[in-house]
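The structure appears below as C-alpha cells.
Each chain gets a letter, A, B, C and D, in the order it is written, and its residues are counted from 1.
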Amino acid sequence: MALSSYYKQLVDQRRELHQWPEPGWTEFTTTNYLARKLKAWGYEVLLGTKVVKPEACLGRDEKEVQAGLQAAREHGVSEEFLKATEGYTGCVGVLDTGRPGPTMAMRFDIDCIPVQETDDPNHIPNKDGFRSKHNGFMHACGHDCHMSIGLTTAKWIVDNKDSLTGRIKIVFQPAEEGVRGANAVATSGVLDDVDYFLGSHIGMVAKYGEVVIDPWGFLCTTKYDVTYDGKPAHAGVEPNAGRNALAAACAATMQLLGIPRHGSGMTRVNVGILHAGTGRNVIPAHAKLVMEVRGETAAINDYMSEQAMNIIKGCAISYGVKYDVRTMGAACDMKNDPEMVKMLREVAGTIPEVKQITGEANFGGSEDASLLAKRVTEHGGKAAFFVTGADRKAGHHQFNFDVNEPALDVGFRMFTGMVKKICGRK
Amino acid sequence: MALSSYYKQLVDQRRELHQWPEPGWTEFTTTNYLARKLKAWGYEVLLGTKVVKPEACLGRDEKEVQAGLQAAREHGVSEEFLKATEGYTGCVGVLDTGRPGPTMAMRFDIDCIPVQETDDPNHIPNKDGFRSKHNGFMHACGHDCHMSIGLTTAKWIVDNKDSLTGRIKIVFQPAEEGVRGANAVATSGVLDDVDYFLGSHIGMVAKYGEVVIDPWGFLCTTKYDVTYDGKPAHAGVEPNAGRNALAAACAATMQLLGIPRHGSGMTRVNVGILHAGTGRNVIPAHAKLVMEVRGETAAINDYMSEQAMNIIKGCAISYGVKYDVRTMGAACDMKNDPEMVKMLREVAGTIPEVKQITGEANFGGSEDASLLAKRVTEHGGKAAFFVTGADRKAGHHQFNFDVNEPALDVGFRMFTGMVKKICGRK
Amino acid sequence: MALSSYYKQLVDQRRELHQWPEPGWTEFTTTNYLARKLKAWGYEVLLGTKVVKPEACLGRDEKEVQAGLQAAREHGVSEEFLKATEGYTGCVGVLDTGRPGPTMAMRFDIDCIPVQETDDPNHIPNKDGFRSKHNGFMHACGHDCHMSIGLTTAKWIVDNKDSLTGRIKIVFQPAEEGVRGANAVATSGVLDDVDYFLGSHIGMVAKYGEVVIDPWGFLCTTKYDVTYDGKPAHAGVEPNAGRNALAAACAATMQLLGIPRHGSGMTRVNVGILHAGTGRNVIPAHAKLVMEVRGETAAINDYMSEQAMNIIKGCAISYGVKYDVRTMGAACDMKNDPEMVKMLREVAGTIPEVKQITGEANFGGSEDASLLAKRVTEHGGKAAFFVTGADRKAGHHQFNFDVNEPALDVGFRMFTGMVKKICGRK
Amino acid sequence: MALSSYYKQLVDQRRELHQWPEPGWTEFTTTNYLARKLKAWGYEVLLGTKVVKPEACLGRDEKEVQAGLQAAREHGVSEEFLKATEGYTGCVGVLDTGRPGPTMAMRFDIDCIPVQETDDPNHIPNKDGFRSKHNGFMHACGHDCHMSIGLTTAKWIVDNKDSLTGRIKIVFQPAEEGVRGANAVATSGVLDDVDYFLGSHIGMVAKYGEVVIDPWGFLCTTKYDVTYDGKPAHAGVEPNAGRNALAAACAATMQLLGIPRHGSGMTRVNVGILHAGTGRNVIPAHAKLVMEVRGETAAINDYMSEQAMNIIKGCAISYGVKYDVRTMGAACDMKNDPEMVKMLREVAGTIPEVKQITGEANFGGSEDASLLAKRVTEHGGKAAFFVTGADRKAGHHQFNFDVNEPALDVGFRMFTGMVKKICGRK
C-alpha cells in the first residue's frame, strides 16, 4: 500500500479532532481549530453570519450553544475568536489563486453525535489513546475524518497553488447530524458564486478499496420535535383527574413506527428520543418526542409527514392533551452531475488503492449536502457527492464505530485529484 | 374562628420550609432546620444511621444525594452537621419527661416532589412571597405543613412538659414520596420501644372543618425502575440493525396501563417517567421507566406486580432487548387501632373548627407510615393515622396545589390533644 | 340436607333448559317452554310487545332473531306461538288471587352466553347427559337455574294460591347478557302496577350456604358497538394507498384498556370481540369492536364513556378512517329497599341450609334488573335483589361453569318465602 | 385500435368467469369451466394430484373446500368431474403437436379475493351486467382476465397447431392469492419437463399501451396464521381472572406494523384479518391473526419473519396466553431469463397497441409464479414473467377494481407471439 506523503497529517489531525467531539451548533472548539490552521496556511477565513444565516438555522438549541461556548473558553479558545463567530459555528476558507478560473467549493461536516464511546480496550481510539474526552459524545459518523481530509486538502492546495487557477472554498459546515446546518449555510449565500461543488462521506455503503462515484438514495427527510401537554394528578388518589402526556407519546410512537410502507419507494421513521414525566406517582403532564421521517422522494417524504401529523393529532385527542410540532431539520434528494461523475471516475482510476469504482449505489441515508448542491445547481453550477469506502468496525452512529485510517488517504487523493481536474492550469 | 396561640409559629415555619423543598434522601438543608430547632428546645436529636438503616433504603440516588449535600453547603449548613448525618437525611427528636409513662411517636414526612410551582400571581405562595426557590421542586403534597405541625407540636410539648409523662419521639421521616423512606426508618429500630404511633396527612379526602379518624384504602404499592437496553443503529442507513429500547418501553407502557382491573378491589398503575434515546436519527438503545403499581390488598398488589413483570419481560422479547427491574419503594395497607380511633374522636370533638368527624373514609393513596405502623404493632404497640381536612386549590402533586393555613392549626391541636390523652399526667 | 319437595322439578327443568341455550333476543324455544308451562298452570301469559317495547330494545340483531325463529321451528315450536311473540322473546305470567293485596313481580332472566361448553368428561352436564346441544352456546351464567327457580316458584304459587292475596307477575326477561333486555321490558309498562319487585342471581360472590341480602356494587354500564371504515389496498403493491381499519381498532383497544382508573370508585372496560379485515394481503378496510365500560356510579360510568369516545375518535384521526358508535346496552346501579332487606333476612333465617346471611357485599357486576327496579321505585314501589350462594366449578361465563343443584332449592325457598311475606293471607 | 379476431372470445369468457369468483382451493366451478373448454378443443386435461401435490398445499382450509364443492354441485358441476379432481382445484391442458420441439408452459392463476364488489352503477361489471354473483367475493386482481387470455391462447394454439412444434402446457394454477398454490403445483412435478416457462400479470405497474418485459421486485414473502389462546372470565366480576387473547393480538399487531424497515431493501408486513373474542362482557380467550411479511430478498424476508416471531412470542408472555403459528403461503424472488426478455421485446414490438416497452420496472408485489419459475430453472429450463399494462379504475384488490378489456388482447398477443417464437416451425 502506497500512502501519500500527507498521510501522517491526515491521521494526526483526525486523532486530535476525535478527542473533542462537539454536537451540532456548538462546535466552537472545533471551528477554532479549523480556522486557526486555515489562517496559518494563508486562507481568508469567513466566520459567523458570513457563512450561516441565523434565521435559517434549524434545530439550534440556545442552551447547548452556551454550553459549547463555555467549553470552548475552558479549552482556551480566545474571546476574540468567539466574538468573531457571532455565536455561529462553522467556517469557510477561501483561497484565490489570482488566476482566472472556476470557483470550486468542497464541503466537510464537523459535528459529532451524542453517543458514549465504547470502553472496549480493543477499540483503536482506546488502544491508541485518542478516545473522546467529551463524555456522552463521539465522532461516530466519521466527521473527524472528513475534517482532516478537508484540512489536508487545504494544505495541499497551498502547497500546489502555483499549478492551480480560479478560487477555492473549503466549507466546514456545522450541524450535519439532524440535517440542521446546510439550510443556513446555503441561505447565507456563501456558495452563490460556486461553479463546482463537491462533497463526500466516508464508509457508509462502501468498503475500503471502493469508491462510489454516483450514489443515489439520498432520502428526503424532515425532522420534528413534538410535545404533548396534559395535566398532572396524583396517580393513587385521582388518576382520572390527570391527562397523560406520556401515554399519548407512547401511543403515538407505536403508531408512528407502524406508518405503512410506501409502494413507490423507501421510507423511514424514527422516534429517537422520548422524555416524559416528572415523578413516579404523578400522572405525566409533559412529553417530548424527537423524531424524523424519510422518503425516497419528496412526495414519499410528504406522505410520511402527513401520516405522522395525523397520528400526532389523533393521539392528542385520544388522551385529551395538547400538542405542538416544530420542524427541526430538512434535507432533500440529490443527483450527481454527469460531467463530475466522469471526472470522479477518472480520478479514482489513478489511485492504486481503489480496487473498485462503483457507479450507482444506494446511499441509503439523508445528507444535507443535498441542500448545498441544490443551491449551487439552482444558479447553474455543477455538484457531485461521492462515497469514500472504508472498513468499519461497526455501523455508523454505533458506540464502537471506527474506520481504517488509510481510507482517509483515498479520500484526500480523490479531493485533490478533483481540484487538479477542475482548477488545474491547463 | 379561634386559632391557637401557636398559629403564627405554624404559618411562619411552614412558609420558611416551603421555600426550599428538597426531594427524598436529599433533605439536608431541611433536616438541619428541623434538628437545629429541636436541639434548641431541649430535644435529644438522633441523626444518620440511628434513624435510617442504609441497607434498607429504597430508591436512593447517590448523585442526587451529593447534589443535596452540595446545596446544603451553599445554604450554609455546617460540615459538622453534614458529617453527623452520615449522608442520611431525617431526624428524630426525643424528649424524656422523666416520669414513667408510655413512649409515643409522631411521624412527619419532610420531602417534596419534582413539580415546578405555578407562575400564577394569585397562587398564595407567589402573592405572599414564599414561593419555592428550588427550581423544578415544590412542596406540592403539604409536607411543609406536616413539618411545621411537627415542630410546633414539639415546641408545645416542651412548653407543657410538666404536665406530661413518658417519652416522646418526634420522627421527621425522609423520602415519603415514592414510599421510599419508611422502610429504612422502620428497620433502624428507632420505633422499637414505641407504645403509641401517630401519623397524619393534610388535605387528601377531607375539606377544612373535617377530620377523618379512621381512613382506609391505604393501597399497598410497589415502585419499580425498569431499564431496557438494546442496540443503537443509524435510523436511515440500517434501522434493522438496531434493537429499539424506546419502542419496547412504549409498548410496555401501553400494556402496563391496560393491566386488567381486579374484581376484588382497587388497583393502580402508573408510568410516571419515561426517558429513552440519545439522538433523533439513532435507533434508541436505552430506555428507563419509573413506575409503580398499587392494590387494595397485598394480594391485589402482588397480582399487579406479577402482570407488570410479565409485560416487562414480554416486551423485551418482542423487541430483542435486555431488561432490568429494580424495586424502589414499598408500602402496605394499615388499619387504625380502635382505642386510638376513640381517642381521636374525643380530641376532634374538643376543637370547635372541626365541624365533621368522619369515621371510615377512603384514603385512596399509599403511605409508607403504614410500614412504621406495622413495625410498632408487630411488637404490640398501637398505631393510628388520621386525615386533617384542608381546603385545597388543586389536587395534591399539582403545580398549583395549596392549602388554607388554618388547617395547620387543626392538625396541631389534634396532635397535641393526642399527646395529652396518651402522655398527660393523670 | 333437607331439600324441598319441589327439588326434582327444579333439577329436571334446569337440565332440560340447559340443553338448548339461546342468546339474547332469540329465546323463542325457551320462551315457548316457559309460556307453555305457565299457561298449563293457569297463568295468563303476556307475550311480544305487551312485555317488550320494540323501540327500546338494545343490541337486537335481526339476523340472529331470524336464526332463533328458524331454530324454534326446527324444535317444533308452533307458528301460532311464534306469531304471538311478534318476534320478541320473553314472557310474563300473571296470576290474580282474586283477593285484594299487593302486586308482586319476580324477575328471572332467560338467555345464555356464546361460550362452547367444555368437553371435560367430569363436567356434570357431560357426565349426566344434559350438555348444551346448541353448538357455541352455553348457559354459563346460571340463567337455566334462574328459569327453573322461576317456574317452580310459579308452580308453588298455584299450589298455594288459596293462602295468597293480590297479584303476582312472573317476569321472564330476555337478553340480560349485555344488559340489553331490561330497558325494553321496563319501558313496556308491564311493571307499572308493581308494588314489590324481587330479583336474584345464583353464585357470583356467594358460596352455597350463603345468601347475600343487600348486595351493592351493581356497576353502571354502557355497551357500545364501534366500527371503523377505511380503504382497502394491496398490502404488497401499495400499502400506502390503504386506510387501515384493523390497525385503528387495535390502537383503540390498547388505549381503551388503559383508560385511567378512577379515584372515586371501581371502573371496568372490555373489548369483548374484535373482527377486522377480509384477506391476508389486503389492507383491512373494516373493523368492528364490541365493547363495554362500567363504573361504580353513573358519574364514573360517564367518565369511562367520555374517555372511550375520545379514544375512538382519536384513533380514527390517527389512521385516517371513519368511525361509528352505537349504544347496545345499559344498566344502572341499584340499592335494596330496607324493608325488603329485613324480609329477606327473615326468610333466609328459616332455611336450614343457609348457614350465613350476609348483609352488604360487593356484587361486582352489572345487572339490568337495576333498570326494572328503577322503574318500580320511580312510581313508589319497592325493589330488592339478592344473591343465592352456590358452589361453582369455575367462574361465571367460563366454559366449565357449573353450580351445585341444591343451590336451586335455596333460591326457590327464598322466592316462595318472600311471596308468603308479601302476598300471604294475614 | 386494431383488435385481434379473438377479442370477442376474450371478453365473453372474462365476463362469464367474472360472475362466479372462487377463493383459492375452492375453484371447482371455475376448474370445470376451464377443463371443459380445453377438452373440447382437444387438450389432454390433467386434474387433481397430477397437478397439485396434497402435502405441499399451503393455506388450504378443508371447510372452505367443502363449501366450494357444494357450490359446484349447485352450479351443476358433475359428480364425475368432482371425483376426478380428487378435491384439488386447478388443471393443466397438454397439447402435443406431434413434432419434435421444446416443451413450453404458460401459467394462468384462477382464484379470486374476498372483497365485496362495489355497488357503484358506473362500475362496468354493474353497468354491463356481469357483476360477481358470489357474495363477498370478487375477481379484483384480474385473474378472470388471466384465465380468459389463457383459454383464448389455448384456442389459438389449436387453430394454429400445424405451424407449431413441441408440446404445450396451459397451466391453470389454483390459490395464487396468498401465494398458496404454486408450491403444490411445482412439487407435483407437472413442470419438470418444461423448457420454457412464461407467466404474466395484468395491470400492476403498467398502464394500457405498456408492456414490462423484465420486472423485478418480486418480493419474497411468507404467510402466517397466528392464534392466541387465553382464558375467559366475566369482564365485570373478575377481569383479573382472564387471560386476554384479543389484547395480545392487538399488541402484536401494533408491534408487527412497526417492525423496523430494512436498510438493504423493501419490506412489507400486514395483518389482514383479526378475529377475536366471543362476547362483549367476556375477557376474550381466543384470537386469530392472518398475516404476512415480505422482503426484497430472501434474507430480508427472513429478517421480517424473525422479528415477527419475536413479537408474537413476546406478546404471549406479556398477556399470559399461549400461541401457535402456522405457515400458510410462500413465494420467492425471480429474475427473467435474458433470452426470453429479448423474445418478449421482439414480440411486443410487433403489437401496434404497445406504445412503450419497459425493460426493468419494479413489480412491487409477490407472485408465486416465482416458485414455478424456480422449479423450471432448477432443471435447466428458462423462465420469464411480464406485465401486461392496463388502465385500472382502482388499485388491485379494491372493491372497484376494473381494467380496460382491450388490455386482454395485448396479453393474448404477447402469449401467442411467444408461442410462435418458441414453438413455431422454423
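By our rule, a contact is a pair of C-beta atoms (placed from the backbone, for glycine too) under 8 Å apart; a residue touches a chain by one contact, two chains touch by 3 or more.
Listed by chain with UniProt protein names: A, B, C, D = Amidohydrolase.
Keep in mind that what you see is a predicted model, and the values were worked out from it rather than measured.
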**OP:** Please work out which of A-B and A-C is bridged by more C-beta pairs in contact, and write that pair.
**Re:** A-B
Original post:
Equivalent interface to B-D, which of A-D, A-C or C-D, with over half of contact pairs matching by residue number?
Top reply: A-C
Subject >> Whole-Å gap between the CA centroids of subunit A and subunit B >> reply: 48
Original post:
What is the distance, in whole Å, between the centres of subunit A and subunit C, each centre taken as the mean of its C-alpha atoms?
Top reply: 66
Original post:
What are the residue numbers in subunit A that touch two or more other chains?
Top reply: 236-239, 241, 244, 247, 251, 254-255, 257-258, 260-261, 263, 268, 283, 364
**OP:** Could you pull out which subunit D residues touch subunit C in their complex?
**Re:** 113-115, 177-178, 204, 219, 221, 223, 231-239, 241, 244, 246-247, 249-251, 253-254, 257, 268, 270-284, 287, 290-292, 294, 328-329, 364-366, 395-399
Subject >> subunit C contact footprint on subunit A (complex, rising order) >> reply: 236-242, 244, 247, 251, 254-255, 258, 260-264, 283, 303, 307, 310-311, 313-320
**OP:** Note which residues of subunit A are touching subunit D in the complex, please.
**Re:** 254-255, 257-258, 260-261, 263, 266-269, 364
